[in-house]
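Two complexes follow with subunit A in common, the first pairing it with subunit B and the second with subunit C.
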Partner chain A sequence: MRLMITAGIDVGSLSTDAVLMRDGETLSQIIINTGAMARSAAERAFGLALSAAGLRASDVDAVIATGYGRMSVSFADSQVTEISCHGRGSAWLSPKVRTVIDIGGQDSKAIRIDGKGNVVDFLMNDKCAAGTGRFLEVMAQRLELELAELGREDQQAARAAQISSMCTVFAESEVVSLIAQGVPRPEIVRGLHLSIAERTAGLANRLGLAPEVMMTGGVAKNPGVVRALSEKLGAKIILPPEPQIVGALGAALIAQQKHARQSV
Partner chain B sequence: METVLGWVCAYTPEEVFAALGIESFRLCGGENQASAVQYLPVNLCPLARACLSEGLDNAGTGASLSGVVLTASCHALVHLANAFQHARGGNGQFFVHLLDLPRTFGREDDAACRAFAAALRDLAGRLGEFYGAAWSDEAFLTAIDKQQQVRLLLRELYRMRRERPEQFRAAGLLEVVRAAGRTRKEELAPVLNSLVASLQDAGSGDNWDSAQDGMQDGGPAAAVFLEHLRRQGSSLGPRLLVTGNSLPPAYFDLIEDLGGNVVGDDLCQSYRYCLPDTEQTLDGGGRDLFMTLARSYLRRPACPRMLAGAERFAYLQALIRECQAQGVVYHTLKFCDASIYEYALLRNRFMEAGVPVLYLETEYRDAGLEQARTRIQAFLEVLGPPTEKY
Partner chain C sequence: MMDVEGFMRHMLWDRRRWNRVLSSPLTYTLLGGVLRLTRGNWPLDAMYQMGVFAFNETGRAYVGKAPVVWSSAFFPVELAWGLGLCPFSPEVAAAYIATLGFGEETMSMGEQAGYSRDICSFHRCIAGAASAGNLPRPAALLASTHLCDGAPLLFQNLAALYGAPLLALDIPYNSSPEAVRYVAGQLEQVWLSLADVTGQRPDRDKLAEAVRCSERFRAQMQRVNELRCRVPSPVSGNDMLGFIYLFFVGQGSREAAEIAAGLAKEIERRVAGLGRSGQTGTQTEKYRLLWMHLKPYYNNELMKFVEQDGGVLAMEEFSHVYWTPLDPEQPFLSLARKTMSHFAFKPVTERIRVMAELARKYRVDGIVHFSHHGCRTASGGALMIKEALRDEGWPVLVLEGDCIDGRSEACGGMLTRMQAFLEILQERKLGCAL
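Then we have the complex of A and B:
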């Protein structure tokens, strides 16, 4: 019997991620920018994942799309929310995880899962850019830093600058005046990370924090945020090898389960 | 052009308007909130802003608004009354009345009933004077009776929705109840009556055809109501109860499109509108009809504005059992302090009772549908049985 091959495609506001799996083994994973066209990003990510694995589309038994652009992935067999997918992906990576914190480009979520990765409860902030990756993108640009440099910059800070506004627009003008006052850039960066951490900890504590805690989504690649959040929560945070593909991974896993059931 | 009297809150006594022969129109607020910008701040209740815009634009009324009766149920509605007064009330040609509404926590309270009865009598006097309409106890009694008939018939539709959800959509039922607040009850009662009768006769599946046959002679009003119930619902998917603030029909549709089954609600524009029972009290002698009416309105389950945590929770739990709901969608309108606080009070109680709750905040406009989609779909994934989840 041929082993089943599935794909998960996570079309997020910033990145589109694809994962190909064969019976619990990851064959390839791809991260690209979503850009302006969700549909073509999904096609491109899928195509890249296929060629990285040396496969054709017809080799894939089931595709599940997730992320906010999931509805526009016409070649997907079904759509599942990123909440369920991050839950499933996290549990697969580390079965003891009970709380998943996903900070992406556009929203942040705290998700409670059971031992099998089923979502039990969740809270999300999708109302404004505060506390999301987009907030950091705006600030990094203002500070003339690459996203990947934020963590290193944070490490050089002796203390954190005070950023009191949660609102992206007002926080940006605070940053401008901190720059004008000659506050060292690392301190501003740490202040920004602290402000994200405070907001996210609020969300997680409202849900109720159950160990162990895993952080997913692109912002988990920023060690400054991870450390600040870990301190705020008073909890250890487990990081996946590639935080940005956890949603797509979960989608591929759910596709395996779903397809296995259908073929019975 | 015909003129109508506008109203918003489910505590508004339509019976008094009908007794005076005044045409009334329930403002539900549409998608366009632009006309309100001049009068109300953007951080005020979006429903109040939508209703102000609807009233100022005479949108959907097919008639022009000659006045409004608003209840002092929350600070947003008080501001709404002020805004109407400011925008239209200047020359004394537009009737603006703010009806006092005692807070009763959903419990029987004699002093509150007497106060509300006095407020209703005062309202009747002022309306009669403004519209030049004479008061008649007989017309009042008829109006109370018709209104009660309509409520019972609408409740029958809610029962059908609970028991045979495949017959029609919850979104359609919400539209019917919203339209009921815009239709003369003596016209509506017979239409609803034959609608309910033909739906009862119809086996599931062929409801539409037989209902249509049964309503051939219902006239244009019948056609409108039938149209709302035309789309079939589904009996599959998690059974949900919607509570909190009024939720626009497009969100009901979204929930149903995503596979949720709204089997009940306690919303102002929906089920709560059908609740007060005047019948039992009418037989109770005494014959102070204003007191009868006051009692029936204040007796019904409280709305979130009453901040009656324990009573509301007990009521909602009973409703959950009655509807056999598996989860609750709690909707708050942005900036509605009353419901946001109530949600905080209720959330933990629901959790302890093992009832999953989805928190949904909207600005009362369809522009927020896509954001709501992920929340609702994820909630349905949580509720689905593990084997059918994906």
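Then we have the complex of A and C:
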């Protein structure tokens, strides 16, 4: 019997990620920018994942789409929310995880899962981009730093600058005046990371923090935020090898289970 | 139903014409005819009947056939019916304004009149419509201090705007026999003053008749709720949340009692398999939900989305008949007891107890608390409610949103939360992956 091949596609507000799996083994994973067209980003990511694995679309038994653009993925067999997918992906990577914190481009979520990776409860930030990856993107641009440089910059800080506004627009003008006052850039960066950590810890504590804690989504690639959050929560944070693809991974896993059930 | 909406939108698109259109008897003759054509399109005939009732009463108010009294959501409106007046609920009007697609512009008028965006959008919408002069002029305003703390304040402003008296009911936070007598005494005073202000003769027989109608309404709605216990649900709770006019304005009228009786019969026929197309229930029922507070009345995908995913509102907090039978011989005492016995006007543990009881009785799979922005009464206790009901074994979603104001809501976010919650229910129910 041929082993089942599934794909998970996570169309996020910033990145579109694709994972191909065969019977619990990852064949390929792709991260690209979503850009302005969710539909074509999904097609492109899927295509790249297929060629990286040396497969054709017809080799794939089931595709599940997730992320805010999940509804526009017309070639997917079904759509599942990123909440369930991040939960499932995290549990598969580390079965002892009970709390998942996903910070992406526009949403941050705290997710409680059981031993099987099923979601038990969750909370999501409300309406605006405060405390999400987009906030950091705006600030990095203002500080003339690449996203990947934020962590290193933070490490050089002797203290954190005070950033009191959660609102992206107001915080940006705070950053402008800190720059004008000659506050060293690393201190501003640490201040920004603390402010994100504060807000995220609020969300996680409101849900109730159960160990172990895993952080997923692109912001988990920023060691400054991870450290600040770990301190605020007073808990160790487990990081996946590639935090940005956990949603797509979860989608591919759910597709395996669902498909296996249907073919019995 | 869409036809009426489209027609209304077309007729009313120009704000300057609003008043002329609304106060012309011709409007009601014309639209009444259109409404009659839609009868077959309503999911329940009782909804159509309520539409006709609301429509006729609105016409009566705008054309000025009887003195209009504004009544806030939890005020015992039986007093107004008992004087032959025309009660008007601005909160319900706000919901209709939102349904017809005029919510945004009306609310921004309210905001321009000085109402903060943190204030409940029902109230902002009312304030906007009032400041534009688009609502029927009240001879008096009735408000009570319980449950909705914003209403008596808004009504004070509106009373000043229209130069009409505000008759307010002070409801104490306990229901001792003295407190009940205190409220009953106030109700009698309000009734007498209302008669005086509107030039009606206070007729006790007429009041008793209104209380009798209200009691009939209560009994019929209880019958409806008993019928709704069955699985699959014989009626969609989303439709039931459309009966706001009956609950907030109708109680005490003969029409509301008739419509409730008709609704009970209609559901009975469905249960017996005799309904339209032999339908016995909501065919796609996958999850049974208990729904707390109201729903978005503006054009929004949420409820359609829930139903498409197999979610059925098996019961709503709103539809629960919490009060005991009314005695027409003791109108003021009965109405005082009814008004004071609302489970949300008690420590939050009472609201939790009642919801748990409903969740068990209606065998629901999960509970959704729709947390309407700006409503402290409903949302203030949401966290405690969630924890307590979760500890009793139900998954609970506190869904933040707005009933009237669609501007500030990230619709995608709301649908994602709802879908993720339904995924939790599916997981629990089927014990396997999505």
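By our rule, the second predicted complex is superposed on the first by the 263 of 264 C-alpha atoms of A that agree within 3 Å, B and C clash if a C-alpha of one lies under 4 Å from a C-alpha of the other, contacts with A are read in each partner's own complex, and residues count from 1 in each chain.
Rule of thumb we're sticking to: a residue touches a chain if its C-beta (ideal position, glycine included) is under 8 Å from a C-beta of that chain, and two chains touch if they have at least 3 such contacts.
On a predicted model such as this, the values are computed, not experimentally measured, just so you know.
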{"item": "Fit-or-clash call for subunit B and subunit C when the two complexes are aligned on subunit A", "value": "clash"}
{"item": "Which of subunit B and subunit C A:14 touches, first, second, both or neither", "value": "neither"}
{"item": "Contacts of A:120 with subunit B and subunit C, given as first, second, both or neither", "value": "both"}
{"item": "Partner chain(s) touched by A:81 [first = subunit B, second = subunit C, both, neither]", "value": "both"}
{"item": "Subunit A positions touched by subunit B in one structure and by subunit C in the second", "value": "68, 78, 80-84, 118-122, 124, 126-127, 254, 257-258, 261"}
{"item": "Subunit A-touching residues of subunit B, taken from the complex the two chains share", "value": "356, 359, 361, 370-371, 374-375, 377-378, 381-382, 386-387, 389-390"}
{"item": "Subunit A residues within the subunit C interface of the complex", "value": "68, 78, 80-84, 88, 107, 118-122, 124, 126-127, 206, 254, 257-258, 261"}
{"item": "Subunit B-facing residues of subunit A, complex", "value": "64, 68, 78-84, 116, 118-124, 126-127, 254, 257-258, 261"}
{"item": "Touching residues (chain side subunit C, partner subunit A) in the complex", "value": "383, 390, 395, 400, 408-410, 412-413, 416-417, 419-420, 423-424, 427, 432-434"}
